[in-house]
Structure formats: C-alpha cells, structure tokens
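See the structures that follow.
Here chain A shows up in two complexes: once beside chain B, once beside chain C.
Up next, the complex of A and B:
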C-alpha cells in the first residue's frame, strides 16, 4: 500500500472510532471531548517520557500555562479561538526556551523534582501573584468573549468535539511523521545512550531541548483547548497532584509509541468515569488496575493491540502455509 | 615522554597532557603524535589510562594541563560532539549499539549526523550488514555489533577512528575478519586502536605506544621491531 496512505490510516481509524463512539453514546460528548484533549496532553508527556526518558511531575504547570495564556487573551485582548490557541503554543514555546537550558542538563530524577516545584510555583503565580489579572481562586471567565468561527461555530460543544477531533488528527499525523523522522530516531537513541550519540556527533542537549519544546507546546495547546471547552480556568488545573494522571495515562497507553497516548487517555479517563459512578474514591480502583496493567502488560494497551495483531498475522501465515502444503 | 617529532602532517598531536578525575591525577605528561593514514596502537595493562586518554582526545574529559591538536587546531575544551563532527570518531569498548533500533536506523543516525547517505563503502566492507539491515541491533552477535559500530564510524569519511579494544570477547574467526577490515579502513582513514591482541598489532601497526600507570613509557615505530613484538617486555 502507498506509504502516504498508510501513514494517515492509523490517525483516521482513531478519528472514525471516536465518531462512532459519539453516535453510540450521544450523552457522553463531554467525556469524549475530554478524551481527545487529554490525548494531546498525554502525547506531549509521551515525548518527554517515551522519547527522551524524562519523567515529569510538572505537566500540569505547562497545561495551566497554556490554559491561562488562552484565557488571558480572551479576557483582555480578543475573541478569536485560533488566535488564543496560537498564543498558548507561542507562550509554551517561549517558556521552553527559558527553562530548557537549565532543565535539559539535569538527570531524570532532578528533572522530575524541579518540575514538581514548577507546579507549586505556577499555582502561586496564577492564584496570588497575578490575582488582578486571573481573579485568583475564583477563576477567569471568558465564554462570552469568544467569537464565532467560520464554517463551524466551535463555541457549541457538539461542534467543538469535531474541531478537537480535527486537531487530534493533525497532531497524530505529525506525531507519526516525527516518530519516523531523524528527530524521532535521534530522541529515542538519546534516551537509550546519550554518550554514544555524542560520539557520533550529535548535540544531545539540543535534541533534548527540541523534544522538551515539543512536549511543552503540546501541553500548552491542550491547556488552551481545555480553556475553550470550559470557558473558564482556575489555578487548580495546574496543581501538582494532577501530574500523576498524565503519567498513568502515558504508561497505560504504552510509553514511546505513537498511538499509545490516545489509548492511554481513553483507558484512564474511561476507568475514572466508570469507577467514579459507583464509588467516590475512584483513585483506589484505578490505582489497582494500573498496577496490574503495568506489571502484566508493561507495553500498555498499544502493546497489547500490537501483540494481538501479530498473533493474528502469524495465524494467517500458518493457515496459508498449510493450504499450500495441501 | 620526550623526543616526539611534531611534524607538519600530524593529524593528532598531544603535548604534555595531564588529566585528573577530580583531585586524582590519572594521566601524566602524555605526548604523542598520529600522522595521516597511520595505524597506531595503544597498549598497556588494565588501569594504565588508555581509555582515559581516548576519552580525553574524544572530548569527554578535559585536560588539566597540556594541549590536544587536530590538524594543527587546538581542540582543548571543545565539546565531544563538535570533535566528532570535525572527523574524530570513537568506538567505545562496550560495543553498545542502539539495541531498540534496527541496523538501518543505526546507520541512518550516522548519516543524519554527517550528511553522508552513501552506505556502499559500509556494505562493501561488511556485506553481512546488508543482509541484517532490518534486524534489531540488540539481536546482533558481538562480532556483528562491532561491524555495525565500525560501519557507523566510517560513514562521513572521518579523519580518525579511535577504537577501544574492538576484538575483546570475540571469537578467533571474527577477530580475523575484523583484522582484514582494519586494513581496509586504514586505506582511507587513520586508525588509533587500544588493543590487547598482539598478533593483530604485529600484523598491521605502523606505530605502537605503550602505557603504564598513566604515562607513555615507550614509542615503537620500527615495523620490524613491531613484528617481533619488541614492545611486549614493557607490558
């Protein structure tokens, strides 16, 4: 099959799956929209964790930075949704330029802890330091300022779902391209053996910094989409207790894979949704299921799907061989 | 070491080099020279400082004193990746390839770094790599990994390839094949090799440096003496 068609096939299957879910469960549109946005957020974390080998407890900080960038734009500057998303991504990029020189020289454990500290700093900044702009704990409301978008007014949840699906499709396509590109291979090789990469002639710091920037920009984009979806933001979005959610979703989906983040987001939010409907401390059950998944299936849901597909293929091959022999 | 002739066509010149690990001095007053197209071996017992010297030339350690020049230009304090880009490739002792990547992806990494996408010289020297092109590098045997590492090193036509104990732990017939490859590579590239295998040294070395306790104690440049392993008494 044509390579270009193959490269778009995976993302398209995921989008079609989500559209089918949307019509099978029409009253779950909020949940499905959250899965799509959360997938983009997990994809960002997967760049750090799966491609560069960094575990970050600071992703909520980057998410809330994106969300507040969009919210502040809506509240004080304009109502264009595309511009808000662009502002969030640019702020994410600028933030990565400031932080990468320090963070990308750290070992993973220090990186993890400093990122946790960044979350605490972020909450303080948005809640106290910028209270005149962000309204502190009351949150920043701006839904009324958002203007209609041409062709499809994404201010309505039904339309917004298709809008975020389109963004996910583009993100998955580019993510797949990145995975097979020089950058993707370099990042994976840097994770495996940074010293050897240096022997070959790679600037490992630069590779890590690029990966880190991609991760922050994706988190900021997800933050902006959350802000647009809810029409308001408050500092709790950036609390470091929420960092575990994106880490678990990355692990459940399959670390370092292209499609793992989507299945991780769907699996994690699905478990949370189902369990929380019959018990308030959903974290207990989700925690146990996560431990089982990670011990028994450490390549995550995507690894399971790949293994299943591999088994089917080998069975088909065997059947063909038997037929030929007959 | 004294009496090193720092002539004009030297590829690498190391002059009065001192290297420390923190406060611990490990290399003392090292001076050596590697000319273009030479095959130079570095021998010595474990702990003599051979790998430290290699890592210092490759830019992973910075000298406390002394100077390292590449084609007349000082590379003291230069980052390891920049030295690699200047044409000095270092194949580490541990034979580590990128195990999760395929042979093809490993070679691609070298191509991306050097901009040289012509793999014909690699396949001409190591035809087996062409057969194993889609195999995960982690599944290769020790000899195949060494071939891959050497293949990756020669992409981009480097000036100098430094190999740290390339034959260590390999079967005798693989070592023989590698010795042939060393000769082939040396036609276009200067080789600087840490090696314990004396027959190989006797066969292909143009010059041998012996190290002991962080110092170079002997430089042997006479082919006849090398073939007779005259330097062995210092090991």
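Up next, the complex of A and C:
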C-alpha cells in the first residue's frame, strides 16, 4: 500500500519540485537542466550498481561516447536533435554488444578497474586518435548546426529545460516498468545469488548483459543531452576523475531504487554548488559526506523518504489498533 | 641506440617506484581482501613531508626517512581505526569508503600545503656513463637499487621470519592460526605498516622526478592499480613482474610514440584481463 502510493507520487513530486525550483530560482536554469540530465546518467549507473551489483569506475567513458556520437552527427551529418539522441543510443547499444561478452564474465573488482582503463582509453581515442574529427582538446563546436524542432524550439535554454524534464519523465516511467518486470526482479536476484539463479535455470550472463546494455544506453542518452545543452564537447567529459561523482550521487540517492537517482543527482549537484560557492575545492567535504552516507544512511535520501512515509503510516495503524482494543 | 638504453634504464626506475607504491595495495588485498584506495595517501603524504623536510633542513635522507615514518603512521591509523571495521563488508563498500578517505586526505593536503605544485630538487645531480657513453642520472640508478632492496626485504620477511610464516598461514586459515595462540590482527597491522612505509618511501623517491601536487596520488592510483591487477591481486612476485613490464611500456613505449606513455598501461591491462582474468600470477578468488 505504502509503496504503491509512493511509486505513484514519486514522479509527481519530482516534476512539481523541478517546476517550483524553476520559478523560485529563474537564474539557476542551467543548473536545474544539469540536475535533470545528471539524474538520467545516475539512473544508468544505478542499473549496474543497484540491480546487478557491479561498481563501475568507467561511467564517464559511456557518457562521453554518447556525447561524441551526438556531436559528430551534428558537426558532419545533420541538425535534427531527435536523430542525434537516437544515434547516441544506437552507438551505446553497439558498444555494449562489443564489450558485454568480455566484461560480464569478470568479478566485480576487476570489472571496476577494467572500466577505469576503458575511461583512459576513451580519453585517448577522442583526444589523440580521432583528432581530425574531434579537434582534440579544443573540443567540437556545433551549436550553429542544430535545426529548430516543431512546437518547442529546444535550442533555447528555457525550452530545453522542459524538454529534458519530459525525457526524464518518460525514462522514469520505463524505469518503473523495468523495476517491476521479470527482468528487474531477475537482475536483483542475480545480484543476490548468481549460483542459485544458474541452478534454477536462468541465463545469468544474458540477464547481466541486458542490464549492462540498458545502463550504457542511458549513459549515452545523458551524454547526448549534455552535448546538446552545452553546444560543444571536449575530452574532459570522459576523464577518470569524474567517475566518482556518479557513484556518489547513486549512493546519496539510494542504491537500487527507482526514484533514488533523481534525489541523488539533486542532492549531489546541489551540495557541490553550495560548497563550491564558499570553498574553491570540495574534495574534503565530499569525502566526509561519502563516509557518513555509507555508514549511517546506507539507503540514501529515497530510503529516508520511504522511512518517513512508513513512520506516518505505522502511527496511523497504531492509532487504529488502539481504538480496536478499547 | 643510446636512446633505447636510456629508455630501458628510465623504465627500470619507473618500475621501482611503481613496485614500492603498489605494495600497499597488493598486501591490503592479499591479507584482508580489502581494496584500499586510500593507499595512495601514504604516497602523496610521503612526498609532501619529504618536500617540507628538505626545504627546512636541506637533507634528502632525513626527508625520505620522514616520508617513510609518516606513511607508516598513516597506515597504522587507517588500519586500526577503519579497515579493521570493514573487513567483512562487500568489496564495493570498502572501495567507496576508502575512496572517501582518499578524498578527505586530498582535502587535508590542500589545506596544509596549498594547491600549487611544489618542485623538489634532485639530491644527486651526478651523471653516470655506462655502456660506453650512455649518460644516466645516478639518482635513477639509486631508485632501482632501493626497489631491489625493498623486494628482497619483503620476500625475506614473508619467507624467513616467524611473522611472515604466521601471516601466510593466517591468510589460508585464519581461525586455525588464532587457535594456535597467534594474535593475527597484530601481524596484519605490522605487515600493513611495513607496506605503508614503502609507499611513503616511494613518494619520497618520486618527489624529485615529478612535481609534488595534491593530485599526484590520483595519477599514481590508476597506475598502481594496473600494476596490482596485472600481476594478480595479492601476489608480491606478480606485483614485481607487472611493475617491470609497465615501466618498460611507459618509457620504451613513450619513446616510440609519445601518447603510448599515457595509454599504454591501460591497453596492456585491458587485454591481459580479458585473456587471463586473474592477472599474471593471481589465484582464483
């Protein structure tokens, strides 16, 4: 009962919250757009971390792959924004087809580090190997090539905000479907006990590969949205040092939940925004928050919200039972 | 021809640094099954303390000793206060927690020493000529000698002393060794401190070769991880062999084509793990 109400209320809370923020802080619109895009990226990581139990230090690689496929499409082929997003998702899917057979056989710690290696190789490919196409460190600029979209011209930041919010809503809907489907449940079961799943007769490798594919495609989509938002991409988007951001946001939001990633993205970026306004470097604070979150609130912000809702309900129940007893 | 000999010797020096620094990671994993990402703090603190002592007293030997002591002290604090409490948690948890500690350490470095990279002068400026005219800085040769000495020491400690024997038995069957009346926690702590001291020494030795900056640990973290993974988690011999390979990949590869110095190690690791998922000398976990 409680969970069902929360699962319906979740998207409503998110949309209302974002629109309220949009009008309270009208000059923070780029920040809010980033929160929405980042939460799609965190949702991708959550599939790996929360559903499959893999920690990846290489998510920036998938993000920058998506961003670069969109940017290369804009710079050399056309200007349709929907096509760019589609291209990024397809490239992400193909990449996962190539990598899944090798990576999904690895143990978790090796997976983590081989992803870190992928990140470094990715920066190398975009910065040096494809320098004729990507302009290396100067970045690829393409803002002028984007064409107008019907109804809502997303080239303007104000409209783009609503556009990404719509995409987040669709993504949340599909994510919730996935969470309740046989796929989501079998992914979580694989995380808990892969031997038993194999014994029952499930193809653990296939389940993991599908999850990995979903994760990469979501990261690539987020990358394409980043590219459209900034109007240019450069290799620093895929650097190794940024891998921790998405992990932290996932942890802060609540690992393995449907709406956690959004709150994680909001919490993490908000904290970064506030801390960096009075401190030039924020590593110290981020480190302390990581440890506190891990030891004290290991179910994240969404876990707190669920507990709060549960507390309200149990109080109501208690009142009822008291009345019955009387 | 000369350029290749230079590259190989430089590569050996790089291997020496990599071996010293990776030891803490390798031992941390081999003993406690903890991926201790904060190990690079010992390295960067070692380098910073060396910088401070050199700028005060001017003596490199004192600086290197100070770096070792600080590395060992940090290792002691982290092992007894943090790692011991999270041994039996999942791998992901320990990785993220120790990464959090690493971030806090970087923050402390920034508060104490500031953001600008600090230069450290090389303590030995002499240049040695070997193989008929190839010029090699003597300092690089010193690093190679120190690393070899460290390897011999750690192997002697593991194979010849009672501590090492109890340690290896404790890794295989902890309960049994405790039942014999050995305080296994104490032995783990001692070994961890030795490894941390070596990481501090690695930082001290590397300080004159690179600029000492807050993010030096970050750059080294990935290389150290590649070394440990390539050699097989928990194997000291494997760590040594992997460090030798990577040193040559970085320097000889970098001489062949400059970008290889950055990306070469990652490519080597990527394909090694795909072909042999346990690394060169690792056992099935």
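For the reader, a short list of remarks on this structure follows.
The definition used in the following text is that the second predicted complex is superposed on the first by the 310 of 326 C-alpha atoms of A that agree within 3 Å, B and C clash if a C-alpha of one lies under 4 Å from a C-alpha of the other, contacts with A are read in each partner's own complex, and residues count from 1 in each chain.
Note that a contact is a pair of C-beta atoms (placed from the backbone, for glycine too) under 8 Å apart; a residue touches a chain by one contact, two chains touch by 3 or more.
Values in this document were obtained by computation on a predicted structure and should not be read as measured data.
Taken together through their common chain A, the two structures put chain B and chain C side by side without a clash. Within the superposed three-chain model, A:201 lies in touch with chain B and out of touch with chain C [touch as defined at top]. Set side by side, chain B and chain C differ in how many residues of chain A they touch, and the one touching more is C. Looking at the shared chain after the overlay, A:86 reaches neither chain B nor chain C. Of the two partner chains placed by superposition, only chain C is touched by A:117; chain B is not.
In the superposed model, A:188 lies in contact with chain B only, and not with chain C. After overlaying the two complexes on the shared chain, residue contacts for A:167 are found with neither chain B nor chain C. Put simply, if you stand at the Cα centre of chain A and look at the Cα centres of chain B and chain C, the angle between them is 80 degrees to the nearest 10.
Note on the superposed arrangement: chain B and chain C approach each other to a least C-alpha distance of 11 Å. Touched by chain B in one complex and by chain C in the other is not one residue of chain A. In the complex of the two chains, the chain A residues touching chain C come out as 49, 53, 55, 102, 105-110, 112-114, 116-118, 120-121, 124, 128, 240-241, 244, 247, 251, 280-281, 283-288, 290-291, 294-295. Residues 35, 91-93, 95-97, 99-108, 110-111, 115, 215, 218, 222, 225-226, 229, 233, 259, 262-263, 266-267, 269-270, 273-274, 277, 285 of chain C touch chain A in their complex. Of all the residues in chain B, the ones that touch chain A in their complex are 58, 60, 79-81, 84-85, 89-92, 96, 98-101, 105, 108-110, 112-114, 152, 156. Chain A contributes residues 182, 185-186, 188-189, 192-193, 195-204 to its touches with chain B in the complex.
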